[in-house]
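Read through the structures below before going on.
Here chain A shows up in two complexes: once beside chain B, once beside chain C.
After this line comes the complex of A and B, so read on.
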């Protein structure tokens, strides 16, 4: 048995409406691409900064703590808009892909070609696996709480293992000047940075390193805890900025 | 099977390039082209003269190659702001109450193009030349606020995206009924917040001059820039405002068809 539907429910499809919507989508896509390369990259560069710029800052303590903690901010805010309003589970991946594009262009043309830093010294880290998992957890759970706890934790915990194949080789020990150091340290000593001298390099500080090989997992789990809080905070920040209010005066 | 006159008209309208709702597409693409040429031109200039004359601000060559560029930038930016904002204001629509739905749709797409050009300028200022600042200050001794990258980043790129953001704001305020009746909070946040990044240059230069000469990017001296750029997230609200209104307008033209 088939039910009789009112023909007034459906409008005659003439095609133009779809073409206008499609044109608007493409314009928004281009807009979003440059918006997130520009804004997320600036935010990231001025907060994670040197931990992402230089290979000799990519240590076991601060790098896995700071990078996911700052890196989850814009993805959470954009997910809050894209998922809540459009059911698009791609906020985190969009932000992180844009960040990767921006950082790679800058590292190649601003660091390598202008000032001759070796590209191995300034390669950006990747957050793409973390972002993909964050998007999938939001899509599967449709829950802020579950995504904050499990997605936020996964975002932080996946960071170090997904970057290890890229940067592990620079952690190999060498002996130079009667000292044991890493190849990454050697890059820093060989390519002098006038604005970022050795006394400013914030790596492996405090007593956490006395735990030996456990230092990195401890930093990663600390970051995981903080990421669950940071995710929730930035989800609400994203919602707050996506207001549709019109004011009488400013 | 024959083709009736109405179908021919629709088919002709469909093949018209650009269609009525993308009337400004060529201006939009031209804006991208011109901005790309300018920014790549700046980068080539830096590559050509950065090392030879941009390392020492007391060198007479610095005055020729860099301070002249600074003076040119400031003059150009001032004129461009006056001309673009003035044009958009004086050519405003004074009969918004009688605006046809089709024309309003077209203007929403053009507003999206304005915001897109704005975000393209934000890319160059916030991404490429911002990180290049760190790179340059690792090879040059910072002996002036007007370094070879600052002259382009702070005195061209920052004002340029502010001007283009202002253009988007004025365009919406003068040509779209909802934006004329009330002041859009997300659009204002997305334009005024990043404007505060330019104001933060003052704190940045003061700090670098009197307190912290090194270039440590994650230092609190740079947090003014960071907070300013968060306001770019207001674009989410602009999108929601635009989509909501476009759905209404599209239904209106569909019902009228």
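After this line comes the complex of A and C, so read on.
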């Protein structure tokens, strides 16, 4: 019905209608908050998992590759719904903010208070700068293709530098056991994880050794390329998931 | 009148019926609550601390023929927060390593704790410190030392164990530790190569919270910028009415441009600042430690042993081993102990100095020999030993006969007249006897 309205005949809701529409906004926002805290956090914990859980998993090869690649999924899907239907450029920021809330709750209550790990050992990474840029690129371009290519790339490329101020200090060298370690490695050695032996860490493993010590940019650009594809895939998943075709049959 | 009376009667009956139904519902609810209370009480009555770490769950042939622990000791089992405690011991890596278990190319000497109630400050293998995983050699002998420091007060059951890559955890003998004191007193300072002292409990936490808060503030501002105005229904109607241009204002676009430029600039500025602040930062270390075995402690060439046959008598819960033993020492020796899969079967006829203070699973009077006389120097003798005890069943080692790899492995301890000990390993296929 509303699609047939012209700008001449369009009237903004006022009075009771406006109040109900606003109440509906808040209802959806609160539900979305809990939904994304739960679902995106679960998705992230099951896929990124240990790379985000532990400070001694945050390496320069796999961490900047895996985290943005998984981190762009829900933002892309929610952007597809929020932008296509409402022109709201906040899907990515909303999702990642919910993820941050969920991870912090889990790290403080599950890892620290329940399992006694110091919080600094299990501090989550942040994707908020990446999400902000992804939202504004979609808003400015109004294009799936441009957002996938430039937004997806920016999402991945910004990840490592935006987290280095948080985790760089954990990479200071120490001498322990007649070998050189980082402070992060020392956390893994000292704070006993019965089910997480050192060899399980998937870090610094790869065959591309030609470029020596510049592994991080290579991983970041690889992630950027993959994020463009992942973004597009999850944009369509978002569209498919937000369909109302079944409601119309009721 | 009749109609009125009927109506009253109906009303009265309905009220009676409703109160009756209500009473039945209340009774049903009370019954359900009573039932739940019984379940809860039964649960609470059986409430007890967890004492196992899955040590019986691993297949018997893995427990018997991978890491063979002995002489495991704690320096003390009662200490306070911040006190250090040392765990020492030895292990032999079985020569007859099961084919279905990957070779121990990456193994991690660990301690089973319910979270970091202790921290591990030092760890040694054959006297050499090591921080990472290590490759072990089948047939090799090793001794280990782990230094731990009390962190959280409580009573904990702790085992040394090996994480074996792609195989699982092989537990050593456990012990109860009592940690006293106040957790607030715990300190853990380490020194960086540059000489900076770092408190591991809080290091980087304030900085991390600051950066998370900083970006969260910007993100919240961006979300509030949009949430403050009518959202879903209003915007959907406007979009469908072709009023898309009104949904994004020029000010929105200015802010978006500022974010598009400002956020990456801030990110790279902060990144550069951090790189300059920590120019000595290095990548995470991911090496595998290489430590050679000790010179032979087990099968050292003094007492040679060959397993001729092994039978497991199911009704008697007894393992019968036919062993051909050659004593190349210059003193008579006696077989004092057979250890496998975490159980120690002791020959009570032999005086054994105890090198363990863990709560090993011990069958004290369970080892018997068909010929208990000492084996003389240079003598070669075939003897039949019987290790019989219900522990085969309670420790779930009798499942060996149902394993895909029904072979036994273990250590045999001999003692000479002066208390000198000789250790040999055995291995053999096991034949079950059901009657």
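In the analysis below, the second predicted complex is superposed on the first by the 225 of 250 C-alpha atoms of A that agree within 3 Å, B and C clash if a C-alpha of one lies under 4 Å from a C-alpha of the other, contacts with A are read in each partner's own complex, and residues count from 1 in each chain.
Operating definition for what follows: a residue touches a chain if its C-beta (ideal position, glycine included) is under 8 Å from a C-beta of that chain, and two chains touch if they have at least 3 such contacts.
Everything quoted here is computed from the prediction, not taken from an experiment.
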Counting only touches as set out at the top, which of chain B and chain C does A:222 meet: first, second, both, neither?
neither
First (chain B), second (chain C), both or neither: which does A:233 touch?
neither
After superposition on the shared chain, which partner residues are touched by A:194: those of chain B (first), chain C (second), both, or neither?
both
Name the contact category of A:24: first (chain B only), second (chain C only), both, or neither.
both
Looking at A:161, would you say it contacts chain B, chain C, both, or neither? Reply first, second, both or neither.
second
Using the superposition on chain A described above, determine whether A:15 touches chain B (first), chain C (second), both, or neither.
first
Applying the touch criterion given at the start, work out whether A:47 contacts chain B, chain C, both or neither, answering first, second, both or neither.
first
Identify the partner contact of A:108: answer first if only chain B is touched, second if only chain C is, both if each is, neither if none is.
neither
Identify which of chain B and chain C touches the larger number of residues of chain A.
C
Can you list the residues of chain A that meet both chain B and chain C?
12, 21, 24, 28, 85, 115, 117, 193-194, 197, 200
Give every residue of chain A touching chain C within the complex, in rising order.
2-3, 5-7, 10, 12-13, 18, 21-22, 24-25, 28-29, 56, 58-60, 85-90, 93-94, 96-97, 100, 104, 115-120, 123-124, 126, 128-129, 131-133, 135-137, 139-140, 154, 158, 161-162, 164-187, 189-194, 197-201, 203-205, 213, 215
Please give the residue numbers of chain C that touch chain A in the complex, ascending.
53, 106-108, 110-113, 115-123, 128-133, 151-152, 163, 165, 169, 188, 190-194, 196, 198, 200-205, 207-208, 211-212, 215-216, 218-220, 222-223, 226-227, 230-244, 247-248, 252-253, 256-257, 259-260, 263-264, 266-268, 270-271, 273-275, 277-278, 280-289
Chain A residues within the chain B interface of the complex
11-12, 14-17, 19-21, 23-24, 27-28, 30-32, 34-35, 37-39, 41-43, 45-51, 53, 66, 74, 77-78, 81, 85, 102-103, 105-107, 109-111, 113-115, 117, 193-197, 200, 237-238, 241-250
Can you check the complex and tell me which residues of chain B touch chain A?
10, 14, 19, 21-22, 43, 46-47, 50, 105, 108-109, 112-113, 115-116, 119-120, 122-132, 134-142, 178-179, 181-186, 188-189, 194, 213-218, 222-223, 225-226, 229-237, 239-242, 244, 246, 250-251, 253-255, 257
